[in-house]
Structures are given as structure tokens and as C-alpha cells.
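Here come two complexes built around chain A, the first alongside chain B, the second alongside chain C.
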Partner chain A sequence: MNIDREEARRIAELARLDLDDDALVRMAAEMTKILTYIDQLREVDVEGFEEHTAEATPLRDDEPRPSLDRSSAERNAPQWTGGFFVVPKVIGGE
Partner chain B sequence: MWNAVIGLEVHARLQTRTKIFCGCAVSFGAPPNTQVCPTCLGYPGALPVLNREAVELAIRMAIATGCTIHHRSIFARKNYFYPDLPKGYQISQFDEPLATGGSVNGIRIRRIHMEEDAGKLIHHGDASHVDLNRAGTPLIEIVSEPDIRSAAEADAYLTRLRQTLMYAGVCDGNMEEGSLRCDANVSVHREGEPLGTRTEVKNVNSFRFLRAAIDFEIARQIQVLEAGGTIVQETRLFDPNSGETRVMRSKEEAHDYRYFPDPDLLPLEIEEEWIDDVRTALPELPAARVARYQNEHGLSATDAEILVTSREIAEYFDAAAAASGNARAAANWVRNDVLRIQNERGACRLSAEGLAQLIRLIDAGTIGSKAAKEIFDEIATTGEDPRAVVERKGLAQVSDPAVIREAAAKVIERNTTQVEQYRAGKTQIFGFLVGQLMKETRGKANAEMANAILKEMLGG
Partner chain C sequence: MSELLALPWHEARAEVSPREYLDACLDAIAARDGAIRAFLHVNRDAAGDGLPIAVKDNIVTTDMPTTCASRILSGFRSPFDATVISRLRAQNAAIVGKTNLDEFAMGSSTEHSAFGVTRNPWNLDCVAGGSSGGSAAAVAARMVPAALGSETGGSVRQPAALCGVVGVKPTYGRVSRYGLVAFASGLDQIGVVTKTVRESADVLGMIAGHDPMDSTSSTHPVDDYASELEEGVRGLRFGVVREAIEQLTGEVRENFDAALAVLRGAGAAVEEVSVPSISYAIAVYYIVANAEASANLSRFDGIRYGHRSSSARTLEDVYADSRAEGFGAEVKRRIMLGTFALSSGYYDAYYGRAQRVRARLRHDFSEAFRKFDFLLTPTTPEPAFPVGAKTGDPLSMYLSDIFTAPANLVGIPAIAVPSGFARNGLPLSLQIMAPHFAEKAMFRAAAAYERETQFWREKR
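Coming up: the complex of A and B.
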């Protein structure tokens, strides 16, 4: 599979990455290489091998556990006020 | 002739004690960011572990809506950037949801899937404040097929859906607090023509807003089309203040979520046995109750609907109907008086057994309907046994023919003029004489008997 520069730009935009043209060209080449490798894996003949089915996700009881104390949450926040994380104003979203 | 085609997407918060993928408590109104942990804050390396109770509640709703529950479903990442979502993706279910293909109120359910809620943003000047207590709260999304044709039908569907969620103990149904949220997909087309382009209306979080938003959107689309315009596929936001919908984002701005299976979560597997256990434990649901009230008790559809409004009322009615042996009377008392008292005084203290007792007193002829109302109004507040009130206030009616006869004789003796008029054919004077008889017995004479005896003694 081939990823061109435009596709790389679109993926970068979705990931909110600001990449210049040189970086996009490099990324496109690297992504192409990764996907080509995956395509190569697909060509392997697996006839006769049993599929390994994934196990089920474990389930947890509905028992409350202590949350973080707020100062720990605050320590990891770039900006914080009155118990809230502060981010630049955003409107829209979901 | 225009037809509207409507589908609803309803998000219901599951009534668990903890979040869907971590042990943080879920409670409305806690101080901001006090119910957060590395998992729901999206710290690197923290792993989600699914809450069994959340799955069970989702199964409950799937059964209650007649959906097929899939023995294996997959959690997927829905990727988008918004600060209410610390991980940069929401864990949801995409192409392999928990359940598909049910129905509510004749409207088909396309799917029910599990997902996590996002946090809350409060906008302040040029900053937004983020509270992540709600992030990771368990939700189910219930997606209907576009089978709804009007705002009234949407209202009826959401009403039954909400009732069902509440009866089954899946969700508290509180729309004000956001436990139940609704988006509407609306399109219009001319009779006989293919379906029109749909718009999605968000933020219709009350029954009134839902009806207003749908009516507005239908009218808006028809107006655009009749003026020769076209409807563009877009997301619109309902503004409760203006009663209008306005563009939130167009199709071009639509998110590309790049869904993929969440590598942190293995497939959710649900054994048939688990489903059977949940099914067995389900209470009787509102739709089944409405049918039973009509078939077993001969109630009208309207009365039955009023009685199933809430599970508490329905169970109260069931208990009163069973204990009194008079379902019709119980239905009348509950729908007229118990609900009135609840509205007026906030609560009705009279137990179902107490109401049944009151009904039995009437049916046995011990008290008349007027006394019954008086007693009810009192015990609705005190919760007292109606028999005690009858005793204390001497409200038992007189049903002894000898006593009534004696009183009637006195009335006839004292009102010779009226009696003569009556006997001369002025029958409307009878009411006056009955009134005198009731007065004579201080209102306690069994009204039916008083009528019959007086009539007989007057020679009518």
C-alpha cells in the first residue's frame, strides 16, 4: 500500500500534528514501508494453522476504589484553577 | 404532502457505583476532579478493566427491548480531539456492538452499544474549565431505526424507552442531570418520493425540547425545499431559548473518527447463562403492564398508561388492586386521588394496603363515597388506618333499614306541604326530601337505601 504526501498530510491533521513538507514526505515514505511490510505478512500461507482466538476481556466487580487526591491531578496539569483543568476556550466538539 | 422520517439516538447513563473502566465512584455533584484516577485521566500506561455491573445493565436493557445480544462484542476507539476526553479517544463499540434488532413502542431498535461518557467543560472568558468526574461514566447508546414520523411519535417512543430504562433499574432517567440525553435525526420527503437528506439535531434533552426541535426542523426543511433549496447533511444544535436549530458543523467538517478495535480491551464475551439469569430477574415492564391492565382489569389504554408512568405507582396500584379485590376502584383512586395528592403535597403517605382497606369499606357499604373522600384526604397525609378514622369520627354510614325508616317517618311528618306536592306529581321535590333525610341522619344514611326507603314510604 502506498501513502502519498496528501494522505500523510490528512493523517497528520487528524493527529493534530503540524508537519512541514519535508517531514510529510519522510512520513509518507515510512508509513508506506510499514504498510508494505504488513502486506507482506498477509501473503504468508497460513492454511492448516488453527486461529488463536483471543480470550475474553476480564470483568471487574462494581466496587469503588479510592480516586486520586486532587493535588496529584493538579501536579500533572499544565494549568489548573479552583479544582479544574484549564484549557484554551473550545466550542463545538461532540 | 410532506412526510417526516425521524430516528433517535439516546444516551443513558448506567446506574453503577463506579465508572465503566476504573474503580472511581460515580456520583452527581461531587467537587470537580475528585473522582478521577490514572485510567480515566488517560495517563500513559493505565489500563481499562470493564465493570461487570455495567455489562449486566446493558444486557438488561437489551433484553427489555427485545434485542439480540451478541455473545461477542468489541470495544473500539473513536478518535477525536476535544478536552472533555483526556485520552484523545472515546472507548465505544462500533461494528460489533453488544446488541442489535429490538423494538420499543413499535419503533425498531437498530443497536445498543456500550461506551464511556466524556468530561464536562465550563467556558470562562477565553478559557475552558475541565471537570473529568464524568469522564468514564458508563453509558449505553440506543439507536432507533428511522421509524418515527412525528414529534408526537418521538415523544411516545422516548417516554416508553425512559420508563423501560427506569423499571429495569438501568438508568435513573433524569434528563435535567443528563442521565438521559437525546439526539434526533430528521429528514423530510414528498409522499412517494425517495428519502430526503437528514440532519442531526443535538441537545434535545427534555421532552419539550425534543418536540420543539423536531417540529422546528421539519418545518425548516420543508420551507427550504419548497423555496427550491436543498438540505445539506449537517449537525445542528437546538437552542432552547429561541426554539430553533442552528448549524453546528457541516458534513465537510464532520469528524473522521478512525475507529479501530481498542488493543487494551479483549472481546467482551457474554454466555447464554448470564443472559438467562438477567432475563429471569427482570421486573414486569411497562408495555406488558399496560396490556395486562387492559386485559385483566378492563382498564382503558389511557388509564393503564397513567398507572405505568412510574414503577412505584404501578406497583402501588397492583398491591391495592390485589388487596381490595376491586381493580377498577383501585385504578380510579390511584389515578385521580393518589396522583393528585402526590402533586399537591409531594407524597402520599397512604399505603396500598390502607387504600385497599378504604375501598373495602366502601364496597361493604360501611362508608359512603363522600365520607370516603374525606377520609382519604386525611389519611393521605397521616397514613392512618381508614378504619380508625371511621371509628374516631363516627363516619360509618347507617345501613340499618329500621333506623332509616324511623328518620324518614320524621321527615314525612315534618314536611307535609312538600309531601303533598310530591304526591300530587311534583316529583322534583324528592331531592329536597332526601336532603332532609340525610340531614336527619347527619349525613350518615346509606344514600342508596335512603332513596329507596323514602320513595317507598312516599308511595312512589
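Coming up: the complex of A and C.
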């Protein structure tokens, strides 16, 4: 599989990573090399083997329990005001 | 070095008071860690009358920072203890510090830490392995008797091998992951590093068991892991994985053959077995693990905790700039590969295909375990490599885990046991894999091999 700079840019946007042109070129070359190795999976006979599914997750009763208190959340927040995480304006911002 | 710290914990604690032993650990860290750099944080006020233990810094603690060796978690302090930490504290363990790792446990050398490289105690020019390199080096340098690490593809066993100590990956689900920062949730498992097999059995017994806070933790009963360590291997069947030994050369092959001779000499039946799909494990691993990582690491968004870019003007910038500034090169590479493998148009060809090969791998292992009690490979294809040797070539770094990643993909337990030394003096290691939840038998087999060889007594 060959990844070019534009494909790397598309993936970086999906991954929410801001990479400049030089970084994208390097990333594309490294991904191409790794995916070329991974492409050997095409030669494996997987007839009769379906996608591995995890063991069933056990269920529990949905009972209310105390969760993290706000002051604990606030201590780690980059920006916090009046009990809320603060982010830049989403509508009509800069 | 303190002779006390050369003893296994269960022998040392009969000799001195818990306080003297803990002080000996703290003194050893002060004396040796400047050169080795195993620790990111040392708690000189650590208290507890039980086992002094170091913990990989991707396991959260309330009394110390948790960084995952990443700048994106700068300033983070967990509001809760991981379940393994709570269990250790309840058994009076003293959590003496947090150990270095590859950022978010992504790497095989601890060179991908944002806070510097951990050095191999046997040769400071070489890597300690990774990602739990700090935990392995701390035990190898006899700074602590035990350390917790975490495994996704060999991150406990591989550094344990490179540092000449015992490393255990339990069965998937054996140990609660509540408070282990998630890398690949279908593979992650907390593991143990110690000098000796007995100490590993004891520590796993302290942390294993179901936890309501981790729905993937198993309700399977926890065995008394140290109860059969003296039983030997007479009559037990060991399968030597043919596809693995075909790749071995030189002294790693010689060392492995010598280990097989030891087991045969102790009365075990040792024969070759084919596990045809095992050669594809690394290719499967780097799709499955990175796909899960790309999803798990989306939580590092600059909003709720950790680093937020000061240049971000829009919400989109907060995400993309904070992540670009906070994550290192290897983490970005893996997020990119995982995002690609899950993206529209490539999902079936990459993620879907990898999961089908993984199903075949599980099948091939269960076939092999019909005829054998254990499967054997070397833990790593080579001893520790020089710092910088593989950082420019990610694929060659990934291949360090060629013998360890299969156990994670299959979910079985595996142990790395010191098997001697290469001619350059660096440790080599034997890997014993066992069926799901067969840890007790695995410890028994490893203890028998250790008793015959005694390589753990060589120390740095």
C-alpha cells in the first residue's frame, strides 16, 4: 500500500493531528513501509475464520453510584469556569 | 549494592525489618538511578510494611503524578488509584515510584519517552527494552524487588528479557485494568517484573482477580500460584514452535537449544510443533493495536485534562494543535496507522483482514495446546541493542516483539525467564506460553527451569 502526502493529510485530519507538509511527507513514507510489510496478511488463508469477536461482556444492574466530584475534575482541567470546561466559541467564533 | 536487595523478597523479609528493606530500596535508587533513569518519580515518603514495588507510569496513582511518559499529560494528577494500586496498598505494599516507559506504552526500547531514555543495567549504552523498560531496569539493577508493567504486545516480557529478569503477562482479563491508561483494550493486560519466578507468582497473586470496575476482568477463580513451584516438569509436554526457531541464528539459537536440553534433562517431553499463522502476528498486531489506540487516544483532546495548545483559536484547533504539540512521533505514527486501518474504504482490507488472521492464530494455538502443556520460543530474537540503533526504522523496532505479540493476540499467559548470556555479556531469555488461565502450571514450569539454571543470581 502506497500512502502519498495527500492521503496522509486526509488521515491526519480524521485523527485531529495538525502536521505540517514536511511531517506529512515523512509520515507518508513511514506508513508506506509499514503497510507494505502488513500487506503480507493478504497471503494468509482465512477461509472459515470470521473477524475475531471478544468474549461477551457481562452485564450488571444499572444502579446509581457516586461518580467523580466536580472539584476533582476541575483540578485537572486546562480551563474551567463555574463548574464547566471552557472551550473556544463553537458558533460565530473568531 | 546491598546484598539484601540481591535476595528474593520472601527471603529478605525474614532477615530485616520492613523499614530497613524499604530504606535499602530508596538508597539503591538514589545511588544507581542517576545512570539508569528507570524512574520518572520516586516517593521518598513511601510507606507500607509489605513489598516495596515500583509501578509503570501508565497506572494511575493519587499520591504521585501519572504521565504515560507523554507531554500531553503534563500537570495531570489522577483523582483515583488504579485497582492494582488499591490492592497493593491493602496488602501493605509500599509504592516507591513510577517507572519510565515508551510514551503511552508504544515502543520496544523506552526511547520513545518524552522524559529521556532508560539505560540497560547490563550495559548503559544499550536499551532496556520496552515499553516497560523502567520497570525491568529497576528490578534488574536491584533497586526494587518487584515492579508492575503493562503489556499490549510484549511490553513486560521483552524488557524483562533484555534486562535479565523474570517478566509475566497473565491471561487477558486476569488482572483488572481499571486505572491502566488504555492503549489497545482488546490486548492490554497488567504484568509483573521480578528477579525470580517465585516473586512473580507472589505478586500476581496480590493483584489478580475480578473487579466490578473492569467488566473485562475475569471471574475465573484465582489459583495459589506459588503452590506447585517445587513440582518439577517430569512428564510435562513442551512444544517448540517450529516457525519461530526457523528464524533463529547464531548464539540465540544455541542458547535456546541449551534451554531445551535443560528441560529434557529435568524429565520434560520436548518436541517441535507447527503454529502456521504465528509468523503473521506482528502484521496483525500493528493493525489491531493501532486501530484500538487511535480510538482510545482520542480522549486526549486538550479539554478535560493535560496539555492545551496556547495558540488554538477554534475548537478544532484545540484538538489538532494540542495533540500535535503533546504527542511524540511514535504515538502520532500509530494513531495515523490505526486511523487509516479503520477509515472508510480500507476497513475490510486491513482491520477486518487482521481480525480474521487473528481468529486463525487463536485456532492454531488451541490446536497446539491439544498436544502440549506449554509452547516455547526465545522471548526475543536478539539481546539488547544499542541506544539509537532502531529509532530511525520503526519496522525493525516493531520486529523486536515478533515472539511476544502472539500471546497477546491469543489472550494466553506467558513468562520470560532468564536463559543465560550472549557473548557480549547481555542477557538472553526463554519464553514459556501456557493455555488460558494456566498461570499456576506456567509458574511451575518456569520455576523448574530457573532451579536448574540459576541465571537470576547473576546481577548488575
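Some points to look at:
One rule holds for everything that comes next: the second predicted complex is superposed on the first by the 80 of 94 C-alpha atoms of A that agree within 3 Å, B and C clash if a C-alpha of one lies under 4 Å from a C-alpha of the other, contacts with A are read in each partner's own complex, and residues count from 1 in each chain.
Definition applied: contacts are C-beta pairs under 8 Å (C-beta built on N, C-alpha and C of every residue); 3 or more make two chains touch, one makes a residue touch a chain.
Please read all numbers here as calculations on a predicted model, not as lab measurements.
In the superposed model, A:Asp62 makes contact with chain B only, not with chain C.
Of the two partner chains placed by the overlay, chain B and chain C both lie in contact with A:Val90. In the superposed model, A:Asp21 makes contact with neither chain B nor chain C. Look at A:Arg70: by the touch rule set out above, it reaches chain B but stays clear of chain C.
With both structures placed on the common chain, the touch criterion links A:Ile34 to chain C but leaves chain B unconnected.
In the superposition on chain A, A:Val46 makes contact with chain C only, not with chain B.
Using the contact criterion defined above for the overlaid structures, shared-chain residue A:Thr81 touches chain B, although it does not reach chain C. Looking at the superposed arrangement, the partner reaching more residues of chain A, out of chain B and chain C, is C.
Shared contact residues on chain A (touching chain B in one structure, chain C in the other): 14, 16, 54-55, 57-58, 60, 68, 73, 76, 85, 87-88, 90, 93-94.
Those residues of chain B whose C-beta lies close enough to touch chain A in the complex are 16-18, 22-25, 31-38, 41, 43, 49-55, 75, 79-85, 90, 118, 121-132, 248-249, 256, 258, 265-269.
Within the complex, the chain A residues that touch chain B are 14, 16, 54-68, 70, 73, 76, 81-94. Listed in rising order, the residues of chain C touching chain A in the complex are 75-77, 79-80, 173, 186, 212, 215-216, 219, 277, 280, 282-284, 286-287, 294, 298, 301-308, 312-321, 323-324, 327, 332-333, 335-337, 339-340, 343, 350, 352-360, 362-363, 394-395, 398.
In the complex of the two chains, the chain A residues touching chain C come out as 3, 8, 11-12, 14-19, 27, 30-31, 33-35, 37-38, 40-42, 44-46, 49-52, 54-55, 57-58, 60, 68, 72-73, 75-79, 85, 87-88, 90, 93-94.
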